[in-house]
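There's a structure below that I have some questions on.
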Amino acid sequence: MGSPPFITFLSDYGLRDEFVGVCHGVIARRCPSARVIDITHGVARHDVRAGALALSSALRYMPAGVHLAVVDPEVGGEGERARRAVALRLAEEGRLLVGPDNGLLPPAAELFGGVVEAVDIGRSPARLEPVSATFHGRDIFAPVAGALAAGESPAALGEPFPIEELRKLERSLARLRDGALELHVQHVDHFGNLILDAPHSLLAQLGLRLGRPVSVEVDGQEHGARYVGTFSDVDPGELLLYEDSRLTAALAVNRGSAALTLGLRRESKLTVRPA
Amino acid sequence: MGSPPFITFLSDYGLRDEFVGVCHGVIARRCPSARVIDITHGVARHDVRAGALALSSALRYMPAGVHLAVVDPEVGGEGERARRAVALRLAEEGRLLVGPDNGLLPPAAELFGGVVEAVDIGRSPARLEPVSATFHGRDIFAPVAGALAAGESPAALGEPFPIEELRKLERSLARLRDGALELHVQHVDHFGNLILDAPHSLLAQLGLRLGRPVSVEVDGQEHGARYVGTFSDVDPGELLLYEDSRLTAALAVNRGSAALTLGLRRESKLTVRPA
Amino acid sequence: MGSPPFITFLSDYGLRDEFVGVCHGVIARRCPSARVIDITHGVARHDVRAGALALSSALRYMPAGVHLAVVDPEVGGEGERARRAVALRLAEEGRLLVGPDNGLLPPAAELFGGVVEAVDIGRSPARLEPVSATFHGRDIFAPVAGALAAGESPAALGEPFPIEELRKLERSLARLRDGALELHVQHVDHFGNLILDAPHSLLAQLGLRLGRPVSVEVDGQEHGARYVGTFSDVDPGELLLYEDSRLTAALAVNRGSAALTLGLRRESKLTVRPA
C-alpha cells in the first residue's frame, strides 16, 4: 500500500570499497521491501562535524523513515574510549535516527522536534554475530535500521537511556564585531564553494546590500567580492558572497573554486565587511 | 501494474556532497513509487557538452520514463543571463526530459523523434518554495520530475513555449581532408580512453582496414597505432584505434591511458591516417 | 511474493561515466521489478584479484539472487585471447553468478557450496545486438542478469560447459617461517588500511597476544605496532595490527593511513613478528 518504508543512509565509507554495498545487502536481507536513499558516502573520513552538517541539510528533503548515519572514528573502542551506538525516535513524523552517539545526529534531530526516545543498540538482538571491532555499520547500525524499517520498535531493539546523556558537538559561530563579520569555513563542497558558519540573515545585520562590493579578509590580505544572488551575477573568475541553498552565507568563484582561490579549508577563519 | 514509473538522473553534482541524495529525497516525497536510475553524476563540472554526450549515449538503454538531467552553469541567473528551466515531451515512447535549456537535452531528444511539447517550468506549481538561487536541481527540476512520474502532464506543470526556441549546442565534427581524418576529443572516459567526434563509419571512408597500422598525429608528432576491434587485439601499452561502444571512433592504450600517453584532453585536435 | 528479485552488481567501471547507469537501464528494461544493489564500482581498473576479494567479502551479506560482476581486461578478445562469458548456478540458495570467466567469480562461488551448473553466455539469446567489442557489461552480462532475475534458467540463456574448465586465480598466501609471518598486501582500502593475505587465525599461531607490541618489517626496516582489537585501542598516528571485518589480518594507522605511513601497495611484501 502506498509508500514503501524508506531508509536514508549517509556515511564516510566512500564508494571505492564494498562497505556501502554490504550495508545495503544487510538492510535488504532484514527488510526486503525497504527503499534506501543514499544521501552521500563522501563525508570526509572521520569528520563528524561535516557529517552532521550534510545530514541536517538533507533531512528536511527526505521522506519520513529511518535515517541511518555512520561517521564513527571511535568504532569498536572499549571502556573509556567507547561511544554508544544509538537509535533515536524524534518528536515529529515518527522519524528515527540510527548511528553512533558522537554528535553526528543531534543537529538533524532538532529539525524534527528533538529526541523523545533514545536506546543503546550496542547489544541489540538485531545485530549480526560476531560483531566485528571495525565495521559496526554492517554489524549493528544497518541491521537495526532494517529492523526498524520492518516495523520493530526502538524499545525492542535496545536499552533505553536518558536523552540528556546524548553527546553534542560544539559548533563554531560567526560573530559581528566592529562592523565586520568574523566567520569560519564549515564545509568545502564538491565545487570548491565555501559554506560559512553564519545564517544568511546575519549578512543583512552587517548592512550588506545585494549587488554591492564586499571585502573578504584572509590572513591579513583583502580580496574584493560582490554580494549577489547567484554565480552568474558576477563574471567568470570573480568572487561572490551569496546565500547557499542551505540558507547559510557562502563564498564561491563563478566557474572556479573559492577554496583554491583563497587557499581556505574547513575551519579556516575569515572576515567579511562592506567594501 | 507491472512496471513502476522510472526516473533517470544525470548531473555534474558529484557524490561528495548531499546534492544527489537530496534530489532523490525530493523525488521520493513527490512520487514514492518512482524508481530512480542514476546514469552518472560524474559529468565534469559545468560541462554541458559532456553531459549531453553521456545523456544521449545512455538514453537508448534506459526504460521509458522521465529523464532528469542537470548540468547548469547559469543556474539562478536573472534577465539576460537567465536560461529557461524546461520539461520536454518527445515524439516516441512518451519519454519526458527535464532540465535546463542550455543545449544539454536536444541530442537525447533527437533519438526519440524530437520534441513535441515544451514547457517552461521556472515557475512551476510543483516547485519547492522558496526557490534557491543555486540549487534548482532540488527546488525545480527534481520536484517537476517527480510530479511527471506521478502522472501529471507537462502542461499542468509549466508554461508552453515554441519548440524552436530551444537552445542547441554547436558540435565539432571530424572532417576528411587530403586522405586524413581531422578529429577532436569529445570526451575522456574513466579509463583514459579518448572518444572522438567521428562516427565509426568515417574510418571506412578513410580507407582503414581492421588489423592495419595507422598513424596518429598530435601537435606535429606521429604516433603508431593499430586499427582493431578491441583492447586485447594489441599488446599491453600499445595504442589502438577502435569503434567505441557508443559507435564512435576512439583511441585507447591496452591496459593504459591514451589521454596520458598522448597528452590529450577534451577538445584537443588530432589527425588520423593510414600508416 | 514478498521479496523482489535482487541483483547485486560489482565492477571496475567507476562512477565518472555512464557505464554503470547504462547497465542499470538494461536490467530495468529486461526485468522492471528487479532491485539492484551496487556492491561497488570502485574496483581498481582491470584488477581481477581485487574484484574477487570484494565480491567474496560482500556476498555473504547479500540477499540471494543474481550476482553480476564485471572486471574484464580481456573483453572482446578473439581466438586465443578470448575469455568465456559465463553464468553459474551455485549449490546453495539458488544463487547465480554472471561475469567473465577469468577468476573473478570462483572465490565467491566457494562460499555457497561451489558451482553446480555453468553456461557460456557469449552467444546468449538475451544479449543485445550488435554486441560491442568493448562493453560486454551492457551487451551481454546485464541483459543475462536481468533475464535470470526475471526467472529464465541458465540453460535457456547459454551453452553448458564442464565446470572444471572454469579459470581460477592463484592466490598468494602468507607463511610462517622462523617465528615470523611473511605476508602480502591483498588490498588497500579507502582509508589506507592494508588488508593482508592471512586469515586472522594465523596471528594466534604466531604467538601474538592482544595488547602486545609487534614488529612490522618492510624492506629491511622495522616499524613498531601493537596487536589490538580496533583503531582506537592505540593513539592517533600509531600503527596497529588487527582483525579486519573480513576476518583477515590487517594493518592500519589510527586516524591515519597505513599505506602512506609504510609506503606499501597491493602485493607488497612484509613480515610480522612479536616485538
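The chains carry the letters A, B and C, assigned in the order they are written, with residues numbered from 1 in each.
Everything that follows uses one rule, which is that a contact is a pair of C-beta atoms (placed from the backbone, for glycine too) under 8 Å apart; a residue touches a chain by one contact, two chains touch by 3 or more.
All figures in this text were calculated on a predicted structure; none of them were measured in a lab.
Arrangement of the chains shown, judged by which pairs touch: all-to-all, with no pair of chains left without contact. Rounded to a multiple of 5, the Cα-based rotation taking subunit B onto subunit C is 120 degrees.
Inter-chain centre distance (subunit A to subunit C, centres taken as mean C-alpha positions): 31 Å. Across the assembly, subunit B contributes residues 15 that each touch 2 or more other chains.
Residues 2-4, 6, 8, 10, 15, 35, 37-42, 54-55, 57-58, 61-63, 189-191, 229-233, 242-245, 255 of subunit B are the ones touching subunit C in the complex. Residues 13-22, 24-26, 28-29, 32-33, 45-46, 73-78, 81, 132-135, 138-139 of subunit B are the ones that touch subunit A when the two sit in their complex.
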